[in-house]
Amino acid sequence: MNALGLSAMTALLAVPAGAALLLVLLSSYRWGARLNVGAALLSLLAAVTLFGVRPEGNLYLRVDDFNIYLIALNNLVSFTTSVFSASYIAHELATGRLTPQYLRFYHAMYQALLFAMNLALLANNIGLLWVAIELATLITVLMVGLYRTRAALEAAWKYFILGSLGIALALFGTILVYLAAQPVIGEGLPAMAWDQLLIHAAAFDPALLNLAFVFLLLGYGTKAGLVPLHAWLPDAHAEGPTPISAILSGLLLNVALYAVLRFKMLMSANPHALAPGPLMVGLGLLSLLFAGFMFYRRGDIKRLFAYSSIEHMGIITFAFGMGGPLANFAGLLHMTMHSLTKSAIFFAVGHIAQVKGTQRISTIRGLTATHPWLGWGLVAGVIAIAGMPPFGVFMSEFLVVSSTFARQPGLALVLVIGLLLGFGALLWRLHGLAFGESHSANAPGPTPISALPMMAHLALVFIAGFWLPGPLVTWFQHVAVLLG
Amino acid sequence: MPFLFSLSMALLAVGVYAMTAARRAGCSRRVYSATLALSTVVLSAALAHLLTAPAPATLTLPIGLPWLGAHFRLDALSAFFLIVVNLGAAVASLFALGYGQHEQAPERVLPFYPAFLAGMNLVVLADDAFTFLFSWEFMSLSSWALVMAHHRESANVRAGYLYLVMACFGTLALLLAFGLLAGPQGGYDFATIRAGQTSPGLAAVVLLLALLGAGSKAGLVPLHVWLPLAHPAAPSHVSALMSGVMTKVAVYGFIRIVFDLLGEPVAWWWGGLVLALGGISAVLGVLYALMQHDLKRLLAYHTVENIGIIFIGLGLALTFQANQMYASAALALTAALFHVLNHSLFKSLLFLGTGAVLTATGERDMERLGGLIHPMPWTALAFLIGAAAISALPPLNGFVSEWLTFQAILLTPELPQWLLKFLAPAVGALLALSAALAAACFVKAFGITFLGRPRSPAAAQARETDRYSLSALFILAALCLLAGILPGLVVDGLAPVVGLLNGGAQLTAQHSQPWLTLAPVTEVKSSYNGLLVLLFMALSGVLAAVLIHRLASAAARRGPAWDCGFPDASPMTQYTAGSFAQPIRRVFGSVVFQARERVTMPPPGDGRPAKLEVKMRDPVWDAGYAPIAAAVIAVSTRFNHLQYLTIRRYLSLVFGALVLLLLGMALWR
Amino acid sequence: MALIIDYLVQGGQMLLILLLAPLLTGWVRTLKARLLRRRGPSLLQPYRDLIKLLRKEVVLAESASWLFRVAPYLIFAALWVAASLVPTFAGGLLFNWTADLIAIVALLGTARFFLALAGLDVGTSFGGIGSSREMMIASLAEPAMLMMVFTLSLLAGTTQLSAVAHFMLTAEVGLRVSLALALLALMMVAIAENARIPVDNPATHLELTMVHEAMVLEYSGRHLALIELAASLKLLLYLSLLACIFTPWGMAAAGDGWSAYLFGAAAYLAKLALGGFLLALFETSIAKMRVFRVDQFLSAALMLGLLGALLLFVSRSL
Amino acid sequence: MHDLGFDIAHLLAGGMVVVSLSLLYQDRLYALINGFALHSLVLTLAVGWQAYIQDAHHLYVTAGIALVFKTLAIPAALHRIVQRLGIHRTLEVVGGVGRNMLAGTALVALAILVMLPVTATANALAREDLAFALAVVLLGLLLMVTRQNAVGLVIGFMSLENGLVLAAAGARGMPLAVEISVAFSVLIALIVIGIFLFRIRERFDSVDMQAMDAFREERRR
């Protein structure tokens, strides 16, 4: 059994890496797209087999309760995004916004990105985690600059500078953690392995840990898009191709937040270190309020949903900052729901931008009338992301708000004001987009197949609204206790 | 109990079916007959439960919060509100069988209508915080979709937006209230909440949050702004449900949290607050209604008045319970619950009547209607009964609940608190004032719409509506009359509900009274017999008619109306909605709405018509909502500059954050 | 046997007020004429008018609907029932408990509701003027009346009219400020509701000033007779209300025997005459107010009623 | 154990901090590039010395990479880029050199203050090294924040990376794989920057980021 687990784990890394190399050689777009979808499906199957049999972790790679559902989520969303990207990029090629020459390494970079994210999640070694996230950042920088328009270049350049700065701070934090672990566990690989660190965390030097957590929170926080460090996120989403926005919003933010949570586990294991809660609560609320206010002035549809990602990352960080079994459970659930819903929204937005030929919100009107599938898909997505039942985000918001109000009424009020602000703005935009009279020229809607990924995601979120599978709940509860 | 839950699921199934087959011809008839059948079955089940009053039935399902499951419970309170919900639903579906044919975009109405009904049923049945709020929001969501059915007009889009934002505000308030009730460990099911003890301070905060949450959905005054925009925007049978029934589900939410979950009574001055809010809502609601000339908006604003009357009853009940006067509290609760039933009856009747007028003439604006009593006599008769009932005229049901509320107010001198000694008579005066103004409002509504001469060609060629609509209208009219004549039966029906909410204290049984009289406290104190009043009036009216026609003359001939010398007075010379309300606007409006009239007369010899402009300000919108919206926009513009900084400035943001944290670290030691 | 007597007495009272109503109106008219140094019509003139109208042919406007023809009977029925509930020569009659003071006020509201609708029905501007002003007056008069009812029922502990009347006979009533306020409020409301001089002129047909007359402008023949009778019934109701609450002396209790009933009837007739005289005196001594002064007049009545109720809330003795 | 090894490591780390401060002082592009070359040279010596004390042979590889790439190749490449783009004119420093130097010294003080509570159990070598590494990182960040020009920014970023390599080298026994990959990824970063500079050059007439801001997609209206 263990062999099957080990092979599945290695497959998770080997398949994307191999596909990336193969795709570098392949020049034709159509075959590239098919291979891309095939590789993503293969890694999804590998991830699912991990559910059944869990391999023994070694010093480099390890699968435990925390990252197993994130791996599955990552590969599922990557697979659906690859299906969406096939039709999206084909359309872009047809309209000439992208030339085959630009797309030369698109699929190779896509698979490399999957490899980097799987590596980051599987990594048992904090250094390896850092390298994986650095690799993911570099690849997404190139992807964002794909359109080579002036705005895309400027967005990529900004993303590169801020991303690298964040990564550098994170590296410094990682080194500090190693230095704190080294006297207790000894030199070499064990001093950087999660399971070892977690066992000995109590004996680490608290001052070093505190300093390390500050650098790590700022470093990986930049990648997670928390407010003072969020500047790259809206431009990267708006200028990059939509599949990459979906990957960025759905997965990369989660991976960065996963890294922060790993280190939060260490901090909560060490009693003398300062509690990480208030720091994360502060950043979370700041992101929530800032994004709430920034919605009202947005003119570009993808930038609008980028700010919605910042808002939800704020809510998730707030939930983990509050701590306690209920809030942690809600945070983990919210991470899953957010990535599924946000990627579904970006699928819809991708098609809308192509169909209406523009990303300006003021010119996109009456979607439910002109393209019923797309229009109602967007309405369902926005209703889900706004936290309304029957979708899953409602359950996590329900738990966060009610458990917070019982413990810290003041914080809960700020949270509720932030939620209401965000809700009001998002709805205002949705009403403009989905309803009313449409007077701009409308190209024919997408084929149902390409609308399939969006529908699949919304269906999953809909089911999660009132029923969660048993094993998933036990994993969440176990990790919630671990997170402290 | 599983039976009722499966029926709600059946409603959802009908919704899903409608989603797929909305375009096909017979679909609307099939959907509405399905909802009619289902709601009648649920109605009869709930009625049976209320009358036999067995022990509460519960049901737990593995859905909802993973470790809690979804709890459902049917006790006396839920049974009564199930009756109110499904009675309205059945009649609206019956009406929609005829009315639904004229819907241009059935695919936007049919799927959401059964979902809306299912949502309301589930709210009333829910027995834990998650399921309650889940179905509450689901109800708001489906009704929002119905409000957006005619999304072509931009006014409807704005109404839909305002509605959903206020719904979210209400839900978040309720969520905070449940957070307090459940405590940090998260004991969300109502059984543990009832068992747990909430400290007086927390109970007060929970009541305020429940008031905000349920008040915003029901339409209490400061939170009512969305109601007159959203309710008219939906198709008529849905507006009838939203005004008549959904506001009652909001009242149910308030009663469930405050009277059932909070256990021991709240401090007395909280009852005073509810009382004051109820009074203000009553008067402001009817004054707003008087100023409208759109029939559906008038009815929607009038819902605010009736909700005010209900909350006056609830406020009285709270004050009595706070002072352990449980007998008086029973009377106040009975008055409030009776008015809940009454309002759902006559408000649905009036909205459905407006729907009939809308299909016949395509007009909602009273300035372009008139003289509809000739082409649509039956609709006019039903609307007249509804108007008389809502104006609290004796033989009908509106008067009985108003009478009970007055009797409850007359019991307030025993309250020891001084503030209440001044508040109770003031609220009594407000209630009396709002009752009189309601009569004026519905004389205007009925008179301008149905009587006089048609003011537009559309009103002239109106035709009577179809059989289904008329049968729905007359069922409601008959129920209004029955509830007015046999109030004793309804009060006895409400007894178990009042007992549940009032720690067992109920009103004396009414069926023992002779001649079916209603004597809530004692025979001597006050009694009212609707049946005899109706009999006397019918007797004396018929007697007079027969005697005069037999003894005196029965001759009658038609002639021109008195025109004071002007040859052919055009229909425009008739009184319009605006002119009818002009005296009351001058008396009340100039104070409340800063109503200013400006008449511009053309110089003599100039053929142009004179012009009368009336400018009014909505005090609640200008004082409450406009400043908030302006503040949000102002802050967001200031924040917006952060989107256009240079990369260097973003770096300095990160740098600043790092230095700040490091300083904090260094100094924190 | 006793039951039949009770039915007879109740029926007798209903017939009595029906016959007395036109007489009272005639009495007030002749008194006003005499005060204006005119001979004035004979006391029985209202009866002759009614009989003449009953025999005449009804002329209906083209745009009049079925409501226009049914309304007079409804209005007459409502007012006759309300008037018969007010005790005249004896309290506690058989059907007195079917409705209390609040129900009587509401019955008046029903009559007014249908009268206003009838005014609007024909679709001329006169009906509109009458109905809209009537509803404005009613929107203040009815709350004032209800506040008066509050004061009385807080004092007597019951809203049953006959119980209130008997309470007034007991010693513990004494002189109370709240009762004086209630009396004033009731008188002001009576003047407004019966369209007497300061609020509206019953005798004139000048379009711009009339309120009650404007609504019934289109009526003729038997319908007009019924409405005139209903109007005089309303006047009688208000005066007998004033009599039975504020001057209850001489009123017989239920089942006291014929002599008490006769004495009660005599006392009642004396009170009506006195009331009529005072009304006529008041009307000749004052001019009609502008329409938009009426709401200040009536809000004064509302404030008096509210003050009366407030005083009783504050302490039992005031 | 104030033996010679500790003093020299201490000296070299201090030297890097001084060079970083001098970088803040430069306002000419060429001087900045040469300053960075010196900075990398001192780094090479420090890493080499660390390798010698801990006799960890993999550090020699890192020292070699630092020497070959960062001291020689990258400054040469940057010189050529600056010549090609013709932007060797004066470098607008934001906020004046005086204020920057003041801020720099404050940052070094903060770095040391933050490192004080670290218990002495970690051997002295690591703690002192870390304090200086943190100072170099903060100064690199300050340099990035106070430069208008894209090349200035890149050099600030590179000096920050040098600080990281110093810290990594100071950490006794950190597995080799990590260090190599650290160096490797830094190189990739450089290559990407180069591509960007050219591509940016292709698109804009100057490398000054203010010019670039003008073309932001969504101008404030």
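Here the chain labels run A, B, C and D in written order, and each chain numbers its own residues starting at 1.
Just so we're on the same page, a residue touches a chain if its C-beta (ideal position, glycine included) is under 8 Å from a C-beta of that chain, and two chains touch if they have at least 3 such contacts.
Predicted model, so just to flag it, every value in this text is computed and none were measured.
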Need the CA-centroid distance for the pair chain A / chain C, whole Å please.
79
Cα centre of chain C to Cα centre of chain D, whole Å, reads 100
Cα centre of chain B to Cα centre of chain D, whole Å, reads 69
Separation of chain A from chain B, taking each centre as the mean of its C-alpha atoms, in whole Å
44
Using the touch rule from the top of the page, what residues of chain D touch 2 or more other chains?
114, 117, 141, 144, 153, 213, 216, 218
Within chain B, the set of residues that touch 2 or more other chains is 640, 643, 647, 651, 654, 658, 662, 665, 669
Contacts with two or more other chains occur in chain C at residues none
Classify the inter-chain contact topology: is it line, ring, star, complete, or other?
other
Contacting chain pairs, sorted by label, are A-B, A-D, B-C, B-D
Which part of chain B faces chain D closely enough to touch in the complex?
640-641, 643-644, 646-648, 651-652, 654-655, 658-659, 662-663, 665-666, 669
Residue numbers on chain A that touch chain B, as the complex places them
157-158, 161-162, 165-166, 169, 207, 210-211, 214-215, 217-218, 222, 228-229, 231-232, 234, 274, 279, 290, 293-297, 324, 326, 366, 368-369, 383, 386, 388-390, 394-395, 398-399, 401-407, 412, 416, 419-421, 423-424, 427-428, 431, 435-437, 465-468, 473
The answer for chain D against chain A in the complex is residues 114-115, 117-119, 121-122, 126, 130, 133-134, 137, 141, 144, 150, 153, 157, 160-161, 163-164, 167-168, 171-175, 177-178, 181-182, 185, 188-189, 192-193, 196, 199-200, 203-204, 212-213, 215-218
Residue ranges of chain C in contact with chain B within the complex:
54-67, 69, 73-74, 76-78, 80-81, 84, 95, 97-100, 102-103, 106-107, 109-110, 112-113, 116-117, 120-129, 131-133, 135-136, 138-143, 146-147, 150, 153-154, 157-160, 163, 207, 217-218, 221-222, 225-226, 291-292, 295, 302, 305-306, 309-310, 312-314
Give every residue of chain D touching chain B within the complex, in rising order.
94, 107, 110, 113-114, 117, 138, 141-142, 144-145, 147-148, 153, 209-210, 213, 216, 218-220
